[in-house]
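Structure record follows, encoded as structure tokens.
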């Protein structure tokens, strides 16, 4: 196993595990950032340079910040010593393990294990841009519209209601 | 001779790398670059602090530091020594790990950002195809560091400062990126070196820098505004706002950690100035044709950088601090629409035939937008002169 | 060079961790974090498959991930806005207590 | 085909458009409404003239081919509408549009101070449109539609001052009375349609007034031995009676004088009442059809015998020829079987065969329908004239005079054919409109005084009105040679004298003419001669029309029209030129028109009947014609002198003075003044019967039907009680059980629906695991 890959995989997995298991929500968010950064590094390993940096830009720069804000905005009125796990967590964990097992079995049994390693592609940003503007122009437009709509919707949902009847 | 002078540092690095066996050479090359960067910018940091203090002193009709060394020029050394030997205080309620990690998380991305800037001919530490994206990506990381610092201190002022800083940085990151999109559109590449090379050559005496086009000028001004806000410099230094929240997110930091924050801020300023130079001011190119060969390219880059530093100091000494609502209104209602229209203007510039027509069209669009947006904002009385109420 | 199936195992692991987080934690934000992790696991799959595909010049996987990232951003924004709105209403972000849709 | 024939519809369409537009006008937009109405009328008049000109100068029966179109289609049944231009329609068009135009102009002055001026002109234009529609229609249905529109607008116009109870009542009376006649018309129309399958008058041989249909109708026998044609004619004549105010249904016309005077002139003198006469003239071919069996039953022996014998012979031949193959019985038996049928009726199949022969044979026969028309007309003429003698209301006298003259027209139609009746219709329209407008001018000048006993001595005050009124009066009275009424009435009398059926109508007509001259003289003497009696009793001044005008005009002090100031001055004054000019024009026509139909030069009759015009001055001096002329001259002179002797010689001094006739024969006079008590008779019979029936129905409803309904309701209540018990103690229990079951199931299902996110996500995770395992199953093995 490639040591770089092993290190990044360990980092990512550790970050992910910490992100869903720590008690302190802010720590969770920060660990999530670690996981995201590890994933970005993995993308770089896979020669997907642009995607890797886009991952950092979006996830670390935006989503993580959003999560942090949400954490800060939804904290406060709850007592601190509540259980962190939901009431039916055993079942949930069971299902998660089952899914993990299923996925592992699927990967292990598939032919990708014997997949030949092809030479590394070197996609330039210009190629990506040309693809975006030709083959993928419609999805691009749609995603632009979606983002606009989501932004407006998020603002409206989260906006403080005017002093109405409580 | 001029060639050798121009490529002096490149040759030096190649010579040094030559001492090592072949498999180690990439790593050594990187290490040499990193060391050089840290050295140069740490030195620049020291120079900038003393320059700022002296400059501000001049603007504020006082001397500034004048005790250490000639005319007080060794003041940074004294400051550095003081910072290093000061006690490192961590508040008792603080989250120690995060408190410790925050300054590192702030400085590291900025140093990463330095790695993609071309400082002279063949003097880019790494030549990445998506260099501009890298710059913005790592720049986004600083926001998290600011949050970590503010949150982990468990201090209301620091949390408030962090929140302000994040809000401000996110708000101005959008126009920052959008105003640089114009350059990317025109050049057709995200590679910093290619962007700089696109600005080579002269039209008569005028260099072919992007700032000498309508969209480039507007983009540069908008970029400069957004950069000032992004690096939390005055007049956008609400996060630090010492009159309201003492010192913002690093109020609970002392000693070397504080020095790191201080350094991170200056490094951020240098980095974003370097990007502005790369994008709009022709990078390492000389402003006049006959200076192109006689003076090395890296000199031009650092001259421009010093120009930026001077501008920042001048702005800080001149302009008062904005209010938060003014800041946000300005970002979302003026700067953002202007950048969007600037993208339109750049597109028109790209596709209209060269000549007076596209100058006229772009100028009309941009000036019209400027007048209309500015008028509407003034008409809304958002920035009406403030009524001061003095204590009786 | 790391073979494809190792990436796939990592991706499956990340997915499982994300699912476990989404299924066991009671805070809505952590659930959202878990979902983000699952999305990222899928993205990793896409990138890995693209890297090892016979026609990487088509950049299908990259495009997919690009759009996936966009959608994830939108999803995070809307999801967090919903959580904030719900929190404002119930004064809690505890998923166990959001059962007004109970049949 | 001339352009105007194709576009004849424009003539009614223009006033209709004007009515529609002015209905949108605001109350203030007087000039707009008036100019619109008058403008449309001018256009209609010009178009009518164009139409008239195209019908001139044709020899023979001239009729432009009618323009028909499909209105709608229901399965096999089609309804067609259309218009036709023939001399009858053309002359009516010109008359209606011209008189209408003059009356419109006159109304501008007369209604100048009315608040609802705009509405008035809207109704007037609508009325004109409907009337012109009646005239041009080539379909009995279209005619009926317009006919009813005419009735409706007449209702609106009579009740124009609806806040006045008498006007509202008069409007209602007019509407209902004419409706009674219209029921007959409608039934006749339906019958006609069911028999012939078309309501078009002329349709290239397929129309209901053309030969084939008439023959078929004549041959069809219905109850009482009447032919279908007779029955239909009589029913249609019912409509004409109602509209034209013939005797049993005349009661509405005098009451309709409650409307504004131009309305009286337009509707109740010139046009609408003439619609009945026009209808009879229009369906004249149907009216004069002599059914075969009527020939047997009603004709005198000498005309009958050859026709009958001819037809019988022919028929027997035909029967034997056509039925030989079918009938196998001996011919003697057949003859016996046919014999009774011969007397009573003529089977349809055989009648068709001999239509031509019958036509010739019955050329001089008079149909039952025409006999009835004649008699009704004659009786009306005399009856209404009698009533007119004793009336005191200036407009009412004219109204009864109108009824009487309409009777003349009907009589003329009956005895002399279309041309005779129509000629009187046209001349009458002009001089009666003249008289009404003159009366309106008098009323206007006397500040809405209508009682002739309170007028008197108006000659110096109203010179123009007097002059024109005198012309109209003499035309109506039939003063010889120079006035239109003389010629047209003389024509009628001439034809009546030669009527083969009876001489009764002739003498009734002569009597009516005498009375006409008499009462017109009486009226003129009362109004214009003698001394002024107005203002003697100012307390009784307020009269209906006056008060209504005061109500509706804004300042009462500015009331006197014609620009005269002076508040409640009782000085009569001449009307403004806008009112007198139509009077003069009409007066000219009242004189001139007569010369188009003298016996010497019967241009009008020839024009209507389609003969080339002939002039023969010598006809004037043949004994046959001149004797009648002489007789009517004597009669008119008698009437005039009697009137002068009674009223002009010794004019009464005060309104309270008794009428000279009343002094002589109080009882007779009372009967006459009471209009023969027809209204009272109706009150006592028809209306009381109606009230009684209503009372009876009410009682029946209360006692019988209400009881039934109540019983049913109790029954239903009982049922509902039973079902309630069933429901409560049987159904509900079972239903509860079912509900419990459903609720239990729902609870079970709802248990899955926790409302929490994570259980749902768990299910999705499970499904995902299952899917992954399923997909990778084969590979594992």
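For clarity, chains are labelled A, B, C and D in written order, and residue numbers in each chain start from 1.
Please note the rule applied: contacts are C-beta pairs under 8 Å (C-beta built on N, C-alpha and C of every residue); 3 or more make two chains touch, one makes a residue touch a chain.
On a predicted model such as this, the values are computed, not experimentally measured, just so you know.
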Centre-most chain [mean C-alpha coordinates]: D
Chain A-chain D separation of Cα centroids, rounded to whole Å: 92
Intercentroid distance (Cα basis), chain C paired with chain B, Å: 34
Averaged-CA centre spacing for the pair chain B and chain A, given as whole angstrom: 29
Between chain C and chain A, distance of the C-alpha-averaged centres to the nearest whole Å: 5
Residue numbers of chain C (touch at least two other chains): 19, 22-23, 95-96
Overlap residues in chain A, where contacts from two or more other chains coincide: 50, 54, 62, 69, 86, 91-92, 95-96, 99, 103, 110
Shared-contact residues (touching 2 or more other chains) in chain D: 758, 761-762, 765
Arrangement of touching chains [line / ring / star / complete / other]: other
Complete list of chain pairs which touch one another: A-B, A-C, A-D, C-D
Chain D contact footprint on chain C (complex, rising order): 19, 22-23, 31, 95-96, 98-103
Of all residues in chain B, those that touch chain A in their complex: 95, 98, 128-130, 133-134, 136-141, 143-144, 147-148, 151, 163, 166, 170, 173, 188-190
Residue ranges of chain D in contact with chain C within the complex: 746, 749-758, 761-762, 765
Touching residues on chain A, where the partner in the complex is chain D: 86, 88, 91-92, 95-96, 98-99, 101-103, 105-106, 109-111
Of chain D, residues touching chain A in the complex: 758-759, 761-762, 765-766, 768-770, 772-773, 775-776, 779-780
